[in-house]
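Okay, so subunit A shows up in both of these, paired with subunit B first and subunit C after.
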Partner chain A sequence: MTRYVLGRLGGVVLILLAVCLFTYLIFFKLSPDPAVMICGKTCTPERIDSIRTVLGLNQPLLTQFWEFLSGIFAGRDYGSVHCSAPCLGYSFQTNESVWSMITARLPVSITVAVGAAVLWLLVGVIGGLVSAVKQGTWWDRSAMGLALGGVSVPNYVLALVLQYVLVVKLQVLPFPSAVSFVDNPAVWFESYLMPWVVLAVGYACLYARLTRSNVIDTLAENYYRTARAKGLSGALIMRRHALRPALTPITTIFGMDFAGLLGGALITETVFGLNGIGKMAADSIAKNDQPVIMAVTLLAAFFVVIGNVVVDLLYTALDPRVRVVSA
Partner chain B sequence: MTATPALVEVEEAAPSSAPPTSGKRVLTRITRDKGALACLVFLAIVVLMAVAAPLITKISGWGPYQFDSAAINSDLGGVPHGALGGISGSHWFGVEPQNGRDLFARIVYGARVSITISLSATLLTGILGVVLGMLAGFYRGWVDQVISRLMDFLMAFPALIFMIAILSSLPSGNRPVLLVVVISAFGWPYLARVIRGQTMTLANREFVEAARASGAKDSQVVFREILPNLRGSIVVMTTLAIPGYIGTEAGLSFLGVGVSPPTASWGQMISSSVSWYSVDPMFFAIPGLFLFLTVLSLTVLGDKIRTLIDQGEAA
Partner chain C sequence: MSDELFVVDNLTVTLPTSRGPVDVVKNVSFTVGRDETVGIVGESGSGKSMTALAVLGLLPRGARTSGSVRLDGAELLGRSDRDLRSVRGNAISMVFQDPLSSLNPYYTVGLQIAEMYRTHRGGSRSAARKVAIEALERVHIPDAARRVDHYPHQFSGGMRQRVMIAMALCCSPSLLIADEPTTALDVTVQAQILELLAELQSTTGTGMMFITHDLAVISSIAQRVLVMQSGDPVEYGTAEQVFSDPRHEYTRMLLDAVSRIDDEVLS
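Entry: the complex of A and B
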């Protein structure tokens, strides 16, 4: 098992290195003149020149990449500015280190992501479960029809519809804003409710369909019939024999989806004007602030890669059948 | 835009290129199902809009880039005249606020962009996925190692963010082509993974062994024996992929890295409606509805086709 974990971690380091190199190449080799891009729209030739020297864009590629990599672990200096330890870059448009921009916006992003995840897990799994148990009834058919619709609606369209109906027309909810929980829990809940719903809908519908088909498959298994025939109580069979095997794959998918949430949050945060990492990324795209886009890309890839490993390790713990094979 | 008719044909031809009996059966079963038939009809309308866009706008009277300052109220900051975003006999879906461009014409031309990009991406993903998946599954060994590692690498990426990163760092150039290439580059591993697995099992089956024993070359085995057996999965995977690509294109255009204005695309229309949503809700409702219905129809149809093909295999 230890060997397996170590092997996986080695793989992670390799993939992350590849991701770093790939991202670096995209931003510094594909674009015609990175210094001009980094500097922004209104920029003097002198500043462009200074950025070029500060970033070492005249040096060979390998040196540049090494500078970038060592900056992540040891920090680096951009001319007179020092960018400390996890230095993912420096935005010459906002004159801030990208890492401090990210950490400042992390709480909002985490609130949006965790709230949405709780919502979609609850609604998706419970909805799918009820559908599976009541397979073929009107509840099942309408829930699954609704789920197909929910998967198909782009989240920015849903966001605009909700905002128009609930905020502008009915005025039952305030316009979403990053209210802190400590200041006012009720307003906090109200202002994050729409972002949670918008981010969660697609996933909830997907999970409902998945849970339903998984549970239906397990209900047809022989061991389930055996358990019933033994006369075990309904609730116990449901929990031990139907739910556990049906939900294990959901855990895997959840891990991956949650790790990849930065992409979805990008649109949701932008539409609702919540100042999280996603909105920062969208703003940087609009301003063409390359170091920020690059850092967010790296961070997102980091989450996904780590998420993959955590899920694999968790899977071996959850599903005894896999454990036997891997050991 | 000359590519449109050919690509449309590809979509039409896909189901019937499956084994004749099952393809025909799938088609008859779909036309008997009311919901699926409605989806098919809606998609046919969208495809028709895309193909005949110039003709349709000639009939409706307004082009997609024509400004109509008479249709908007410049005193109110450019809000369209009349209720429901300026819907009238001359502007069937109303007009864009501020410049008065005809929404109907922009929807019709936007359909062209969505359909062209998503079908081209589907085609390219299909070719890449099938060829690389079959190579990996058929030759195994180092070929499989290289292709599989590449797939792991691409699938480890948060695709949306990477697409944004790539598109934002590239010079504008030909956006639609860039979009297709980028979407396909991140899309093919999902198809290839399935094709690889199935090729591996198929390559061990008796009929392949029989073909080899009777002296068939590798290329004959691949094209005559294995490929026909993959048709079902290819059809299902690609139909289910199209709505995803339509959504991706719209999302990227929504974020401002996709199709660039003044070219109309549904995602980009929704994007420009964001600042107007409280005064002119029709501006986001109309492109939003078209996008939603198109994705929904494709999802429902894909789901139906999958169920039918699965049943066919089980029977």
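Entry: the complex of A and C
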């Protein structure tokens, strides 16, 4: 088991290195010259040269890449300015340290992701379960019809409609603002409620359909019939012989979806003006702020890759058939 | 014959289909005595398994039944699901055809035996675990104290069926329904399982309803035989009479199908 974990972590390092290299190549080598961009309108060739020297852009490509990598772990110097580890450089737009930008915005993205995940798991799994048990009934058909509709509505449409109805027309919710939980829990909750709902709707619909079909498949399993033939109580049959087998595959999908969201909910954060990683990504791409784009890409890759490993390890705990093969 | 433990009287099972209700079991009657094995034979679709599922109230949704099914004189047909729970696994238990898919892959075999024992008999987890180990020992699973914590996929096909049998017998039922218990197994393992069932029956006195399409299997284990064809009972009698002097054309055909293979081997 330890060997398996170490092997997987080794793989993680390799994947992240590859992502680093590709992102680096795409954004630093194929985009416009950063030195020209930083220099601005009143630019002289001498200034460009000095910026190149400070950023290390006159070095060979591999040396630059190595500088970037080692900066993350050991920090680096830009001329007379020291950027302490973990150093992801400075924003071309605001000269802010990219690392401090991330640490300031990550809590917002995490709050959005966690709240939405709780919501979609509750609604999706319970809705799907009830649909499966009441298969073919009026409830099942309307819930699944609704779910199909919900999956099809784009986030930004739903966000704008909700904002218009709840904030502008009915005025039951304030426009989302960056209030910390500690300062004012009620306003904090109201601010995040719409982003949570908007983000959760699509996933909830997807998870409801998934849960329903998984549970229906499980109810047709021979071991479910065995459990009934054993005379077990309804609750025990449901919990052990229907839910556990039906929900185990959903953990895989959930892990991936959740990890993806930690890297920022681009559309939702942008529409609601939440200062999270997603909005930071959108802004940096719009302004070609390469160090920030690089950092946001790496962060998203980091979460997805780590999420993947966590799901795999969790799966070995959840499904005994996987456990024995990997041990 | 010993006294009647289990009586099926004029059982009819009707399933709803898109073309209206269809009788999949028609007026089936037979009895099983204590210590006795009754074989139910027929090709697939003849209604054998539906008969078994009807006994335990495990028919698909929308199925209707009529007639009478009595265990020790108590009527089982028409009782509520909740009511039947105390019968299932307790007074009547069942062994299914495919032991791999019939056991839940997510739990150890020990837990799957213990959960049934605790449901019907109560008691602590550790006591139920002991019962599970004893049950596995009774069906000759080597190293039962260790194997009790293994998962179904860690057993071979024959061993898995032994686990199913151990589970079915752990509450000492008075009737065991074995639905094609040897069909998914290879021939040598088949013989071992049949031997085991016969041995357990002689020590526990459990009545057995043995469902199969395999006449060779039936001839080695059953005292009485019911032959079914598309839901109809076509012949019912002692094994000796059915095999040596079949009255019905269909039975003769089934027997011919078996002996023809033997003829070819002999010639």
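Just so we're on the same page, the second predicted complex is superposed on the first by the 308 of 327 C-alpha atoms of A that agree within 3 Å, B and C clash if a C-alpha of one lies under 4 Å from a C-alpha of the other, contacts with A are read in each partner's own complex, and residues count from 1 in each chain.
Basically, a contact is a pair of C-beta atoms (placed from the backbone, for glycine too) under 8 Å apart; a residue touches a chain by one contact, two chains touch by 3 or more.
Note that this is a predicted model, so its numbers are computed, not measured.
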For this session: Using the superposition on chain A described above, determine whether A:62 touches subunit B (first), subunit C (second), both, or neither.
Result: neither
Problem set entry | Which superposed partner A:164 touches (first subunit B, second subunit C, both, neither) | first
For this session: Mind working out whether A:281 is in touch with subunit B, subunit C, both or neither, as first, second, both or neither?
Result: first
For this session: Answer with first, second, both or neither: which of subunit B and subunit C does A:222 touch in the superposed model?
Result: second
Exercise. Which partner does A:235 contact after superposing on A: first (subunit B), second (subunit C), both, neither?
Worked result: neither
For this session: Using the superposition on chain A described above, determine whether A:319 touches subunit B (first), subunit C (second), both, or neither.
Result: second
Exercise. Given the touch rule stated above, what does A:245 touch, subunit B (first), subunit C (second), both, or neither?
Worked result: second
Exercise. Which of the two, subunit B or subunit C, is in touch with more residues of subunit A?
Worked result: B
Exercise. Intersection of subunit A residues contacting subunit B with those contacting subunit C?
Worked result: none
Seminar exercise, completed: Contacts from subunit A onto subunit C in the complex sit at residues 221-223, 225-234, 236, 240-241, 244-245, 248, 319-321, 324
Seminar exercise, completed: Within the complex, subunit B is touched by subunit A residues 15, 18-19, 23, 26-27, 30-32, 37, 148-149, 151-154, 156-157, 160-161, 163-164, 168, 260, 262-264, 266-267, 270-271, 281-282, 285-286, 288, 290, 293-294, 296-297, 300-301, 303-305, 308
Exercise. Where on subunit B does subunit A make contact in their complex?
Worked result: 152-153, 156-162, 164-166, 168-171, 243, 247, 250-251, 254-257, 267, 270-271, 273-274, 277-278, 281, 284-285, 288, 291-292, 295-296, 299-300, 303
Seminar exercise, completed: Listed in rising order, subunit C residues that touch subunit A in their complex are 56, 58, 82, 84-90, 93-94, 96, 98, 101-108, 115-116, 119-120, 151, 153-154, 164, 167
